[in-house]
Amino acid sequence: MRLLAEGLSARRGEDLIFNDISFALGAGEALVVTGPNGSGKSTLLRVLAGLLMAEKGRLKLENGPPEIRHPSELSHYLGHRNAMKRELTVAENLSFWKNFMGDSPGGSGRNLVEAVEAVGLRGIAHLPFGYLSAGQQRRMAMAKLIVAYRPIWILDEPTAALDAGADKLFAGLVNAHLDTGGIVIAATHQPLGLERARQLQMTGFVGIDGGLWHDA
Amino acid sequence: MRLLAEGLSARRGEDLIFNDISFALGAGEALVVTGPNGSGKSTLLRVLAGLLMAEKGRLKLENGPPEIRHPSELSHYLGHRNAMKRELTVAENLSFWKNFMGDSPGGSGRNLVEAVEAVGLRGIAHLPFGYLSAGQQRRMAMAKLIVAYRPIWILDEPTAALDAGADKLFAGLVNAHLDTGGIVIAATHQPLGLERARQLQMTGFVGIDGGLWHDA
Amino acid sequence: MIALFLRDLKLSIRAGGGAMIGVLFFMTVVAVIPFGVGPDLNLLARIGPAILWIGALLASLLGLDRLFQAEREDGSLDLMLMQETPLLVTVFVKCAAHWAATGLPLVIAAPLLGLFMNMDALAIGATMLTLLVGTPAITFIGAVGAAVAVSLPRGGLLVSILVLPLAIPVLIFGVSAVYAAIEDPAPFLPPLMILAAITLFFAVIGPVAAAAALRHASD
Amino acid sequence: MIALFLRDLKLSIRAGGGAMIGVLFFMTVVAVIPFGVGPDLNLLARIGPAILWIGALLASLLGLDRLFQAEREDGSLDLMLMQETPLLVTVFVKCAAHWAATGLPLVIAAPLLGLFMNMDALAIGATMLTLLVGTPAITFIGAVGAAVAVSLPRGGLLVSILVLPLAIPVLIFGVSAVYAAIEDPAPFLPPLMILAAITLFFAVIGPVAAAAALRHASD
Amino acid sequence: MMSHAAYVFASYGIATLTVAGLCLWVIADGRARQRELRELEASGVRRRSAEASTGEAR
Amino acid sequence: MSENSLAIRKFSDLANPTRFLALADRVLPWLAALTALFFVVGLWLSFTTEGDYQQGETVRIMYVHVPAAWLSMMCYSVMALAALGTLVWRHPLADVSSRAAAPIGACFTFLALVTGSLWGKPMWGAWWVWDARLTSVFVLFLMYLGLMALNRAMDDPARSSRVSAVLVLVGFVNIPIIKFSVEWWNTLHQPASVLRLDGPTIDPEFLRPLVVMAIAFTLLFFTLHIAAMRNEIWRRRVTSLRRLAARSAGREM
């Protein structure tokens, strides 16, 4: 499987945030997106996840399952928000996502106990999600990545709020995913401890293509 | 001015999170709280900010203004959330907090323009807060610290979501505050670049004093 | 999909209680009308079905605005948008869960309130039936409004405003079906059929439109 | 404090704001009623005051739940709790701003809607007066509910169960004061006085209770 | 009972007020927007023609 | 296909915002002057023609009421057209036009409602009855306000334009209902006597001021609409400049 981005550009509101970004990621490859605040890292990831329309350019999957309309259907997206309900317990949250998302072809998700253990939080799955500390919440959101199998992971500042130990644990998770032929794309300010990662440096502020409402 | 904590302990739900924490911070001193996820850093800071009741122990201010009932009235608290409204412009947000909080005795807040400049975001104070990227939002939340004067700053992972440049800028802000005799308490996973800081390492899960519903 | 249905039910029972407040409001509305019209039992019986319908309409609007907003705020909506299952189906299931949590209790509470309004058994039965057939339509219409307002910070009332005019046909046919049932000459079935048709129509159109709006709202 | 008042006003005017939308909702509700009960002018005039009151109650309830929740979600509530100014005052000011943004417009729009309901000048005046006196009470009661809702980690049905029953007396005295004004024999002043007393009572109790709930809520 | 002329004058009066208000609002709105544009230009925000800086993969 | 897109490019070229602004600057003064002229003549006519034998002086309300009512419907039709433009051709000015029209339409509808009520009190003895036409006009008013609220609430036009365009189109059902309600249901309100297929049935004595006032109102609408569109374009310029500022901020260090 190969994920291809060709000449992507995207707008926020009416302004171009980045222009003509291309890359190709094969199975087992990772891409780390870096850049200063406001340079468009999150915007790029949302485009890759199919949550924002690209202004130009294409996103393709080669050698993927045939019936896929958009690579996002094979992707996990971990944004700034954790997509968990504070009122439900961790177990309820995770098993909901496991059932709702199902597995992509080519792999299968781990069960809840294993997943919670994998993020190092055994024994607190019965607590309401709202009771956890910021870092614990983030870790549980990561457990979501492995309860349902998706070959592509799109992670926006995954390690914000994580302590040093969890950092390592996270690198382990990602490396394990890469080993099984997964693809990882992560935006970050901190080193993620991935050896095999390629870098994409966003410089931001592509500026101005004339803008819709101005003289060309 | 001296901030004294004597034998603090706190509960979350029914479990004791930490026990018997004491420290004393004089003017111009900083305390950096570290520890793994879920070890109680945020809990400690919320106790210091008067947002959680301590289970035992006391928090005192020596040589402070006389009419203060709780040190929290002399404190800034910067939590995980930025306390700004997405719909209002940055300037409206900041000037609201400036007016609403007022200055503590012994100092005065900077004006908006200066504050926005201090966090390196000159010229965008007229934008709605929601337009900013995650890191820009965090920086603006820091500007809040200097528009209204408070001698004590309580900061919970202040540099999450900040890029490297902003990290340095933040260290500058904190050092300037310490130079004028302020007190800073910060929880963090990343080095903050403060030279004069003392460390408090939380180990987490003091455990089991029986809990409320068990035999002691 | 069953997982989603169950989760939404659980959430509405557990937190903030969409379920109860609807019924409570319904009762309040119905309880207040007699103060307005006075204790004239005949009059009450006459306007009873209309009042019940209006009360149900208003009650099902409460909380509708948070249908997608809550999902958006914690990021769940993003994940739902990304799945292979058509968004349409997700929206439909969420509507169904919302109806089960707020609409169904209204239907069940209706007979009780019918007694307060001095309606006879036939009228109560007819009202209950029309409510059962008609309230899902309101939920489906409301879903469109909720989807449109999803990115608005305080979209609450706006949803109701966008929704109410569209809900007028439901109200008209619901009420007229009940009156047709009470007053003998007029046939009961045609308006009920129309009501059912409206519901089916919106059960298709609503999720489609809501899904389209959600797609465009994501940023 | 004025800063807070102004900010809340600004927020409600600016984005998806309660102010204009509340009135719109009020108007929409009233416009929908005749579709239910039929265009009988006499009947409409008779139930008019009750309808206006119900509409106002609903309009001021919708969106009230977010009064503190929005503050809590973005962390502002923490800062408000820490200030020297008593929380009580903060809550009171927030309620006042909420009322000014949503309650007051309702009162102002009431006469217009009264005309639509074919109410006579006296009834309209009385309704307006009672709304002016009574709607603040709804806001203050709602504030308690909103505060409690913030405090419970799992939300909780309590809010709904708390707010509506407390609001019912307001509704009842409001409506009955209007009818007392219209129908000569019954005296107008006593129910109005009771209404005013309820409002004053809740203006004190509401913020106190809400502030207490908020203090305990913080975690 | 109002005389009929009163109704006529009331309607013309309200019509005048509404139309005048609308016109004034449009004019004031335009002025405000132009002022904002001028302020923005004055503070140095201006559209430059595209600079081709983007991210690049390595 | 390629020809089609070429044509559209030409079309959008013609109506590009900058071009539009230049055009508006040139046209607006003339339009405004013409409007004023027609209003002077219209008002003079409507106060000098004699009253009706049945309705007396109140017939003069017609010269405001009827044009306002027509305009309220026309304005919505303009918005519906613009909504089509947004959805089908994705033309940016279409959304501007539809947004700018909403407050103007709301004002005209308000006028139709108020003058109608002021006419209804002496004629029917009630300010308001719930007949089909009156109700549907009231719904139109609510729709204008709802759209305005929606537009205000969504500050990002790129996202809100299509949503509100759909809503506008859905609401368009209301217009035929208003127009034909007097014929479909028997109501208190006057049936059409001017805009009908078999020619006006109204006395020329009343027709003359009515027509002049109608033209005056129409001109007023276009003047205001163009001015409001210009404002809207400026507003968008301001917004996009502000976003630009956001993006470039903090970058120099």
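The first chain written gets the first letter, and so on, giving A, B, C, D, E and F; residue counts start at 1 in each chain.
The criterion applied here is as follows: a contact is a pair of C-beta atoms (placed from the backbone, for glycine too) under 8 Å apart; a residue touches a chain by one contact, two chains touch by 3 or more.
The structure presented is a predicted model; accordingly, all values stated were derived computationally and were not measured.
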Longest centre-to-centre distance from subunit D, chain (CA-based): A
Which two chains share the largest set of C-beta contact pairs: C-D
Separation of mean Cα positions, subunit E and subunit A [Å, integer]: 42
Centroid distance [mean C-alpha coordinates] between subunit E and subunit D, Å: 33
Centre distance in Å when subunit A and subunit F are each reduced to the mean of their C-alpha atoms: 47
Overlap residues in subunit A, where contacts from two or more other chains coincide: 12-13, 35-38, 80, 86-87, 131, 204-205, 207-208, 211, 214
Per-residue overlap in subunit C, given as positions that touch at least 2 other chains: 14-15, 73, 149, 152-153, 155, 158, 161, 165, 219
Sequence positions of subunit F contacting 2 or more other chains: 139, 142, 146, 149, 153, 155-156, 237, 242-246, 248-250
Residues of subunit C defined as touching subunit A within the complex: 1-4, 7, 10-11, 14-15, 73-76, 78-84, 218-219
Parts of subunit F lying in touch with subunit A, wherever the complex brings them together: 17-18, 92, 156, 158, 233, 236-237, 239-240, 243-244, 246-251
Footprint of subunit F on subunit C - complex, ascending: 148-149, 151-152, 155, 158, 161-162, 165-166, 209, 213, 216-217, 219
Subunit B contact footprint on subunit A (complex, rising order): 13, 35-38, 42, 80, 131-136, 138-139, 157, 160-166, 189-190
Contacting residues of subunit A [partner subunit F, same complex]: 11-15, 17, 36-38, 204-205, 207-208, 211-216
